[in-house]
Structures are given as C-alpha cells and as structure tokens.
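Dropping the structures in below, format is structure tokens.
Each of the two complexes below includes subunit A, the first together with subunit B, the second together with subunit C.
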Partner chain A sequence: MTTTAPPSRVRPLPDADTPPGGSGGGTSRRRVIGRTPRAFYWMVVPALVLFAALHTVPALIGIFYSFTNYAGYGTWDIIGIGNYVALFQDDRVLRAYGFTFGVAIVATILVNVFSLLLALFLNAKIKFQSAFRGIFFIPYVLSILVVGYVFQYIFANSLPQIFSGIPLFRDNILANPDWAWLAIVTLTVWQGVAFSTILYIAGLQTIPQELYEASSIDGASTVRQFWAITFPLIGAFFTINMVLSMKNYLQVFDQIIPLTNGGPGTSTESITLLIFRGGFQGGEYAYQTTNAVVYLVVIILVSLVQFRILQRREVDF
Partner chain B sequence: MHHSIPRPHAGPRRRRRLLTAIVVTAVASATLSGCAPSGDAGVTTLDFFQFKGEATADFQRIVADFEAENPDIDVQLNTVPDPDTALRTLLVKGKTPDVLTVNGSGNYGQLARAGVFHDFTGDPLVEQQNPAVLDILDALGSFEGDEINALGMANNADGIVYNKQIFEEQGLEVPTTWDELIAVCDALEDAGIPAFYGTLADAWTAIPAWNALGGQLQPDDFYDDLRAEGGDVGPDSAVSFSADYTEAMEKLQTLYSYAQDGYRSRGYEDGNAAFANGESAMYLQGIWTINPILAANPDIELGVFPYPAGEDPDDVRLTSGVDVAVTIGRDTPHLAEAQRFVEYLLSPEVVDGFVESQVMFSTLADAGPNPNPVLAELVPYFDDGRIIGFIDHQIPASIPLQPIVQQYLLDGNMDAALANLDNEWRKVALRSTRTEE
Partner chain C sequence: MTATRSLTVPATRTRRRRRATGDDTRKVNWWLTAVVAVLSLTVLIPLYFAVVTALKTPDQLAGTGFELPTAVTFENFVNAWNLTEFPRTLMNTAVIAVGAVVLTLLTNSMVSYAIARNMHKKFFKGVYFYVLTALFVPFPIIMLPVVQETAFLGIDNQVGLILLYTVYGLSLNVFIYTAFIRSIPIELEEAARTDGASTWRVFWQVIFPLLGPMNATVGILTCVWAWNDFLLPLVILSDPNARTLPLAQYVFQGQFNTDYTTAFASYLMAMAPLLLVYVFAQRWVISGVMRGSIK
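Here is the complex of A and B:
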C-alpha cells in the first residue's frame, strides 16, 4: 500500500476535472476489478476504425456496385441481379474456378508437406540452427513479383538449356497450355513454404520434451513418435496452416503475372486475374465486382468447412 | 520548486516548437508557390495529360516552345505510367484534364461514347486532317455517333518489317500478293533462313498479323453486322467469326509455320534482338518495333511493307491506327486557351517534327514527306488513303482476344478458337445490352 500511495496522491489532480468519476482511487480500482479496463476498449478503436474504413466499407460499396452496370467511370444504373445471372452462365468464369481450385489444392498440400518436413529439420538439434531458419525464411521477405521474373527467366531460358533432352522443359514449360500451371505451383510453393515453416516451428516448440523422453523409454521409434505425439500436438497449427494456405492460394495472382500472364491462351487465368482483367482493363467493373462478391462467399465457405473438418481431429492437452 | 522545474524543459521545447513552425511555414509556402498559378492575373494554367511515355522529351520541347510564344498560358505536362488507368481515375474524380493526348484504341472509343471529350465539329482543324484518319477515329466511337471527339497527330502502321540485306543476298523482291509472300517464305526456307521470328510467349505479338490479315479478308462492315447480331452471334447467325474468319486464321497459321524453331517460347524482347541480329528475314510486327531494333543493331537496313493478304496487289490495304490523337476535356473552363494549344500541337511544323522523331506518319492531309527511308514504301498508302484501322479496336476489351489467338497458334484448333470468339462476343453483347436497358 505504501508504494501505491504517492501516485494516488498525484492522480486526483487531473481526475478532479472529470465530472462524474468520483474520487480517484476508488474508481480506478473498480475499473480494473469490475470488468475489463475501459482503456482496452479504446485501444481497439483505432484498429476498428481503420478496418471499417479501409476494408468493410469498400466491401459493402463493392457489393452495392455488383447490382449496377457501373463501368468504372461515367453514369450507371441499378440493374438488379442481372450480373449474377450472367456470371453463372459464363464458362470463362467456370474455367477460371477450375484452374484456381486445382492450383490452390495442389499448392496447399505441397506447401504443408514441405514446410512440416522443414520445420522438423529446423527444430532438430542441428548446427547453425538459427542461420538455417533465417535462410529458409528469405523467400517470404522477397517480393513475389521480383522473384517471379527471375523464375520466368529460369523457366524460359535456363531450364530449356539444362534439360534440352526433356521436351517438357526444352520447349519452355510456360508456353505449354497443359503444364504451365506446374510452373506457377512451383513458384507458389517455393515462396509459401517459408511462412508455414515458421508457424510449424512455433508449434513444435510447444510440445513438452518429457513426452519424447517418456516415449523413447517405452521404445517408440522416431516415426511412431511423429504420428503419435508430434503431429496430434501441432494439430491447431496444422489447421491454421491449411486454412491460411488455401485462402492465400485461392487468391493466386502475383505469381501468374510475371510467369504466364494468364497464358498460354487462358489456361492459367485465375479468378483474381480474371477480375482484374475484366474489371479494370475490360471496362466491366460492375460485372467483375459481382465475380469478386461471389468469390468472397466461396472463400469464406471453403475456410469454414476446412475449420470444421480439421478442428475435429485436433487434440488438446 | 514547482515553478522552477518546468522552465528548463519549456525553453528547448518552445524553441523546438518555433523551429518546427518555421520549417512548416517555409515548406508550405514553397509548396504552395510551386503549385499555384504564379500570381500573374492573366496567366491560365492548362492541365495537359500526355499518355505516350516514349514521347515525353518531344512534348517537353513542344510545350516549352508554345509557352515561349504564348506567355499568357502555362501548360502543365503530365505523363504517367499506365495512362489508361490513370485517366479513368481522373475521370472518376471528375478531374478531366483540359488537353489530352490519347491512343486511338478501343479504350478511347469507350470514353468518347461516354461523352468525356470536346466536339471538334466545325473546327477548321478538322479540314486539315487526312480523311482516312478521321474515319479511323470515328469508327472507334464518338458521343452519340455524330461528333468528332479527337484529332489525329501521329499514325502508326502495321506492316511486315524486313531485313533488306537478307533480301538482297537472296535476290528476293518485296511481295505484293499472298502467293508472292509464300514464294518468298519458301525461298528463304530453302536457303535455311527462318522467314519470320515468332515470339508467341507474348500473346499480343500474334495480333499485328491477325489485325492486318483479318482486316483485309473479312467481309465489309463485318463488325457493324456483328454488333447488330449482338447476343445472337453463334454458328447459325448471319455473320460470325466461325463463318467469316477462317481464311484469315488459316493464313496466320501458315505464316507461323515459317517461323524459327522455338517460336513458341520466345518473347517480344527476344524477337527484337534476334531480328536485329539477322536471325530471320522478316518480322510480323509494325513500325513501332523499328526504334527498338535499331537500338539493338544501328547498322541493320530495314524496310516495311503492308501484309499482302489477297491475290490482287491493288487490294492491299495498310493497317494503320491513330497512335497519338489530341483532344480537349468536354467541360474545360479554359476552352479558348485549350483550342489555341491544340491548334499549335496540330500545326504542320510541330506534327512533322514529332512524327520524324517518333518514326510515325503525319495525320495531316498535306503532310510533308517523311524523311525516314525505312518508312518510304508505306508513304504511298497514306497518300492514296489505302489504309484501314486495327480490327482489334472493334472488339471489346473484355473479350480475351490475344490469348485465344495465341492458343490457336499453339494448338492449331481453329474451330475451337473461332467458336470461343463467337461465344465471348455473344456473352459480352448480352451483358451490355442488358446494362443499356
């Protein structure tokens, strides 16, 4: 009590000006004990305002425009659900969905397999552990557009010379309508593994060492330890990685621009690329906004389904 | 004590505050005097939106000359990357520039139809334009279909660029019909020289040839009829890509069969460098590649001839677009000053100097002779008005034309490509008729 006394004697001065607060010490104690301190609510306000102004409001405006024929400039009228009717009859949109989901599923699986293996390696007792962790995180820091142009050069110029015996690589995989997606997945995985690895390392560090000691006394092999201890105990991290990866790769865009720009033909045209092309370059702003609104709902649904399925198999200790 | 403690703090703080105030005032006044019209009552500031990044230096010179002659007008030259998006952003904000240069593309047509630009009808400048240029601009679109919303300043040309040294060594003549072109290709093939350098990795590089062949081989008024069909375009409609574009597509594929090995994986930059180094005899591009090619090899001797699509040399038309058009914002408060500036931009001396520097063609009816020898073979087509516009400007930007043509050249499935074009046209037409109701 003696330590708290001097501050409480200083505080009443400013507090005295605030009208209904009552006498200082009592109020502040009630603020803390009764419920969450009001200050915490005020701390949330700036983020809330920014989120609403920069995210929620634009999203609502976008939803509104999806019911208009706005071209991005000039006059417009409200046209009801016409854009939605046209959207569901547009085979180009369906093709883009097919491509996007294919890439997203393959990339999600590969990213999680590789990053889990990498996390196990980086969490083991190896030399230069933190140096390796730093090196493997570099891809995440680099701009994907810059890396994309480097990969584009590798696929278009280096690989054709190195693998001049393999037709797929010799003829520039990026110009191959059937396999160009593989190049996009390669770049996506190369870049995406870094972030998932960090999350998995964090997860691995939450597992108590005693479990491994106890199980090794019981004679469990390393593989058995992984499936019986490690994997179940990082379940929550597995869930969040799967959901985040899927959500990110459903929005694949940056990788495509430098590598194929949607080509050859429209074989690597993702939904987001289609929205950008049609909406900003094709003068069909409202129509592609409709596409974006529908896609927002699809992504939310996919994420919810993933959460439901994956959380069921998580274990808590 | 209580009063003496704050003082040592207040001193520096007040001094710092004073310093900040001085700095802020200084910066603000500097910025303001930089932005605001310089205080002279009689000076009008014109906002000049200039889209062509390659021509910035030319326009800086032109603007400086104009300001020297017209001290009462201050022209603010703005050149931005991605001008289409930048202009749309300005329009959304209601900040239409006073004077603009625009590219004569489908995009220009959209904006003109939306009523963004001034109507030049009755302006004496219209009389000075090459009528073919006015036709090209009119075909792109105008407000309510009967205004003149822009005037041409420089025209480009879509022709086959060829290497004069290789043609001379092989004893080849410039072809004037399709059969002669194929004969040239066969002769080059026998000599082991690729006729063309293909760069299909960049989808758009197939479009110059497609434009030239399609524009010459399609039925008259094809796009007017296609627009009239609108949402009914398909295998059974009176006009369609499937019915009317087979010859152009077949001939395009034939040209690419003479391209070098690996043409599928090369890009535009590769093509410019390779053609400059004599790796092929011809190049399926337009006159916009001349400067990049000369940059890679200043000693190359170039010529350009129009794509000969048919059997009669007299039917050959040069595909040409208005590369730089000049226009005025519809509601500019400085119309008289803007008109004076446009009149200066389109005066014969300015246009001649500009097209010479940019390796392009004058849009004026009585243009001075273009001194560039590379373009010499194309000049008669302009003088006789034997020019047609780019057909891809008639196709809405939301149709993926470039990818479809690229895919066709890769897989050779012409029926699928043409059906795809018909289908996309039908869908876009349905969406836009729906929106106009």
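Here is the complex of A and C:
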C-alpha cells in the first residue's frame, strides 16, 4: 500500500506553469498542493471576462437604465424610481403578469403530471420501449416556433370543423380572448413534456428494483408502491423539474408568436413579449427595462420559494 | 495501476445501468403498450398534418386537414425553398449551431476543469457561484442592453450569436461538468504530471478525452438550443442575409400567411434537418440527455 501511495503528492510537481519563485523546495506537501498553476487562471479568466462583458454588464446597464427615461434613442435623464412607480399602476403590465403566471402555473402542473405518468409508462415493461421513448422525445428537437405555426393551423382550421358542435372550438379558440391562453398552454405542454419525461425516466432508473420486489412480496399495490417508494425516491428530480419548468414557462414567448401574437387585443401578451415589443418597437426602452428588473426579482423569488417548499417535502421523507 | 482502474470507472457504470434494464424478465404489459401507442398520436398527428398539408395543392385544403392528398405535389417545396432562401438559411443556422457547440465544448469544459480542481480556493469558488447565478437571470433583463452592446461591438451577426450561446450556456454547463470532473480520480492527473505534463497537456490529453459522455450531453443540449432558438437571433441579427431557420419561418409567415401549402412545406423543411439527425442518433441523444441529468 505504502508503495502505491502516489509519490507525486510528496514530490514537487514538475509543472511548467507553476509561477516562478519559491517552488524549488517543495518539501512541504501542503505548499505544493496549495499553489495554483498559472494555467488554471488562463483557463478561467478569458471566459470570465467574456461572461462579464456579455452577461453581467448588460444586466447592470439594464438596471441603470431602469432609473432613466431613455427611449432607446436620443437623449435621456435620470428620473429616479419613476418607472417603478408607473409600472405598478400599469394595467397592461399587470395583465401581462397575470397571464404569464397563469400559463406558467398551469403548464408546470400539467407538464409534470403528464411527464411523470408518461415516464412511469415508458419505464414499465412495454413492447417497443425505446421506440416509444424516441417518439415522445421528438418535440424537444423541434423548433417551438415552427411547430407553433402547425398548431395554429390545427386550432384555426381543423378543430373548428372537427368539433363543430362545441362553440368554443367552432369559433376558433385563438380568437377568443378568454380562452386563447389554453391553446398556448397546449403547445407549451406538448413540447415541455418531452424533456421532463426524459429527466423523470433518468430518476426512475436510479431506484433499485429490489425495493419493488420486496414491497410486492409484502402485498403493496401499484398505487401504494408509487406513493411509498417511487415518488419519495425521485424527490430531487421532481424538485428540479418543477423549478426548471416554472422558470422556463415564465419566459413564454416562442409559443405566443405563431399562435396569437399576443392577441386578441393584448389578452395573451406575456411579460417577455411585452418587454420585447415595448422595448424595441414602442420607444419604452427604459420603462420595459424596469419591467425586466422587476421580473428578475420575481423569478428569483419564485424559484427560491419553490426550492424551499419542495425541498422541505424531500426532507420530510 | 491506479490509472487503469480509474479509467474503467465510467465504462462500468454505464454497463451496469444497461444490464439493469436489459435483464428485465417481467411480462410485457400489452394494455400499457396500447395506452402508450394511443398517447404517441399526440406527437405524431401534428407531424402528420405538416407532411400531408405540405404535399397538397391549395384547392385540396378544404376539410379538417386529416385527409390524404388526392394528388401529391412537390411544387410547394420548390416554392418554399426559393422564398426562404433555404440553402443560405440552413447554412446560417448550421454555422451558428456548429460554432456554438464547438466553442462551448472547448471553453466550458476548460473553465469547469479549472473550477473543479480548485474548488477549495476562494477565487475559483467565487467564480463558480458567480457563473451559477446566471441560471436565475431571465433573458429579457439583458435582452435590450445586449442588443445595443453587440451592435456597438460590431458583433450583431453569426459570430456574436456563437459567442452569446457559449457564454449563456456557461452556467448550466459548468454545473454539469464540474460534478463529473470531480468524480475523475486526481491520481490520473498526477501520474501524467510526474511524467512532466503541463496543466494544459493534462487537460487536453487526460481530462478532455475522459469527458466524452458529458461532452455528448452538453453538445446535444447546445446544438438543439442554438438550432431552434428564435428570440436571440430575432433581436441580435441585423442583416437579413444572416437569417436562421426559425427567423425565416417568422418572416415568411408575415409575408405569405394565406399560402398554407407553401408555408407547410417551409415548416417541414425547417424541421427536417434536426429531425433527420435525431431519427438516426435517437438512442444516443436520449441517453446523452439522461446522463446529464444523473450527473
């Protein structure tokens, strides 16, 4: 054993990148490990600079502009928290938040229910298992915008003819201000289920088969097995899926463009769509940046709350 | 000795998993198979719609859309090909996706390696958490300023998009990579170092090859993202000639929104490339994505 103990740890590493000076001794093991070869900095720093330049700097600029009256062109003045005050009194903004949260919550619940069920089915002993897995993952590799145009045709032309007896569908659900969101949820779920299912299947495969064998000897039903074994053991996957779904669907954008483009009126205008429109086309650059800052805070809060609640449930088990 | 043993670790792990599913001797559940088959229609029917509509002439459009084309026409594809300037659009998308994947794999793995091996140091730990915070920053908050910034820097083109995908993917990729790198025994590197290898050599010749499975995962996720993304190209690209596939559909839809048959041919052509790759690489893609989630 003693001979196989890595001798390299004791001897100084003959590393060309080690900063000069003081590396000659190397009698102390701590000192050798403690020194960071300069190469590690070269690996991180350029990427870090780029990251700061293209991610952090824009974010900070955005926060700065939220205190101005910049229109996206021309001159601007600092106006303090005026934008924030106006934002909370803006019906259009509040409606966008209401719509976005509605879609995100419904879609998150539906995606997770469907994908968990589907993962259980696809993980069970069924024929053509891998072929089916392949089919259900297809939506993930397709552009949601392009698929959205196909769905638009189905909602606007096919469903009214197939369900001509149901007023909601006969009159084209996309043109209905009260129910158009349902079409957007449908498309979101259609695509979202693909990825979540794969994550859940991955989670299911971490559960040892022996647990099921033991519990079925004890006479546990399939339903009981699910609540007593499966669900608690994939708790971490459930948490991740819920948090990721919610975060993703709060940014709903690609789905709306092909289906309703925000309409009818502004009834399906999401926060992202509003920021995009107001910021680029409406001369509300600073105002919509303010919206984005508030939106950032909201998303962080939602994610944290979700983590806390869901992880507490994990711990309870 | 230690080197060879640890080299086989990832391999045995995958083999064990495969055996767990392969040795399944339970009876085939035919009822469930039927249920799953019916459910799979939810995925297949929209695709069926896209195919049959693209093959119809405008006067065959009446009806629910389920009807098969009475006379198959490929003219729609020719029209869509020309109207969306398909070869150029496809090329633009491919350049961006391939560029983003290559640059992501090379740089993000490197950053993750440096972080994973120096986690005990304040600087690298700080970098780790700094990068991770980006996971929670929604794109709209940087959307407006980054458009100005890329325009100012003159990278409101494919190059800029490649950089942005590489940078914006960093937080998730560092998260995936570091967990994996920390499971690679450090003895491997030390063996190489005693042979006189520099940190760079250790990374490229020892670590990077061992990252194979993670590279596959990260590559797939990045490729699908960059290929299908709509909002980022929409706001960043200023030159219409740089248009990507999703953008072309958007512009196309705006200009010819009544010409359904040509539009559907165009949609199908936009979906086809990644769909074709997926059909052939299906098992590999799914297992790659699953591996990323198990870490």
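The definition used in the following text is that the second predicted complex is superposed on the first by the 264 of 317 C-alpha atoms of A that agree within 3 Å, B and C clash if a C-alpha of one lies under 4 Å from a C-alpha of the other, contacts with A are read in each partner's own complex, and residues count from 1 in each chain.
In this text, contacts are C-beta pairs under 8 Å (C-beta built on N, C-alpha and C of every residue); 3 or more make two chains touch, one makes a residue touch a chain.
All values derive from a computational prediction rather than experimental measurement.
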Original post:
Is A:Tyr84 touching the first partner subunit B, the second partner subunit C, both, or neither of them?
Top reply: neither
**OP:** Spot which of subunit B and subunit C makes contact with more residues of subunit A, would you?
**Re:** C
**OP:** Pick one for A:Phe307: touches subunit B only (first), subunit C only (second), both, or neither.
**Re:** neither
**OP:** Have a look at where A:Phe226 lands relative to subunit B and subunit C in the superposition and call it first, second, both or neither.
**Re:** neither
**OP:** Classify the contacts of A:Thr206 with the two partner chains as first (subunit B alone), second (subunit C alone), both, or neither.
**Re:** second
Original post:
Which partner does A:Phe280 reach: the first (subunit B), the second (subunit C), both, or neither?
Top reply: both
Original post:
Once the shared chain is lined up, is A:Ala175 touching subunit B (first), subunit C (second), both, or neither of them?
Top reply: first
**OP:** Have a look at where A:Ala71 lands relative to subunit B and subunit C in the superposition and call it first, second, both or neither.
**Re:** first
**OP:** Show which residues of subunit A both subunit B and subunit C reach, each in its own complex.
**Re:** 72, 280
Original post:
Of all residues in subunit A, which touch subunit C in the complex?
Top reply: 4, 6-9, 11, 13-17, 36-37, 39-41, 43-44, 47-48, 50-51, 53-55, 57-59, 61-62, 65, 72, 118, 121-122, 124-128, 130, 132-147, 149-151, 153-154, 157-158, 161-162, 190, 195, 198-199, 201-203, 205-206, 209, 237, 240, 247, 250-251, 253-254, 257-258, 271-272, 275-276, 279-280, 285, 288-289, 291-293, 295-296, 299-300, 303
**OP:** Quick one: which bits of subunit A touch subunit B in the complex? Just the residue numbers, please.
**Re:** 69, 71-75, 77, 79, 82-83, 86, 89-92, 156, 160, 171-172, 174-175, 177, 261-267, 269, 277-278, 280-284, 286-287
**OP:** Using the touch rule from the top, collect the residues of subunit C that touch subunit A in their complex.
**Re:** 1-2, 17, 20-21, 24, 26-30, 32-33, 35-37, 39-40, 42-44, 46-47, 49-50, 53, 63-66, 107-108, 110-111, 113-115, 117-118, 121, 124, 127, 130-131, 134, 136-149, 163-164, 166-168, 170, 187, 190-191, 193-194, 196, 198-200, 203, 224, 227-228, 230-231, 235, 245-246, 249-250, 253, 260, 263-264, 267, 270-271, 274-275, 277-278, 282-283, 285-286, 289-291, 293-294
Original post:
Tell me, which parts of subunit B touch subunit A in their complex?
Top reply: 84-85, 88, 91-92, 107, 110-111, 114-116, 200-201, 203, 262, 264-265, 267, 396-400, 403-404, 406-407, 410-411, 423-424, 427-428, 430-431, 434-437
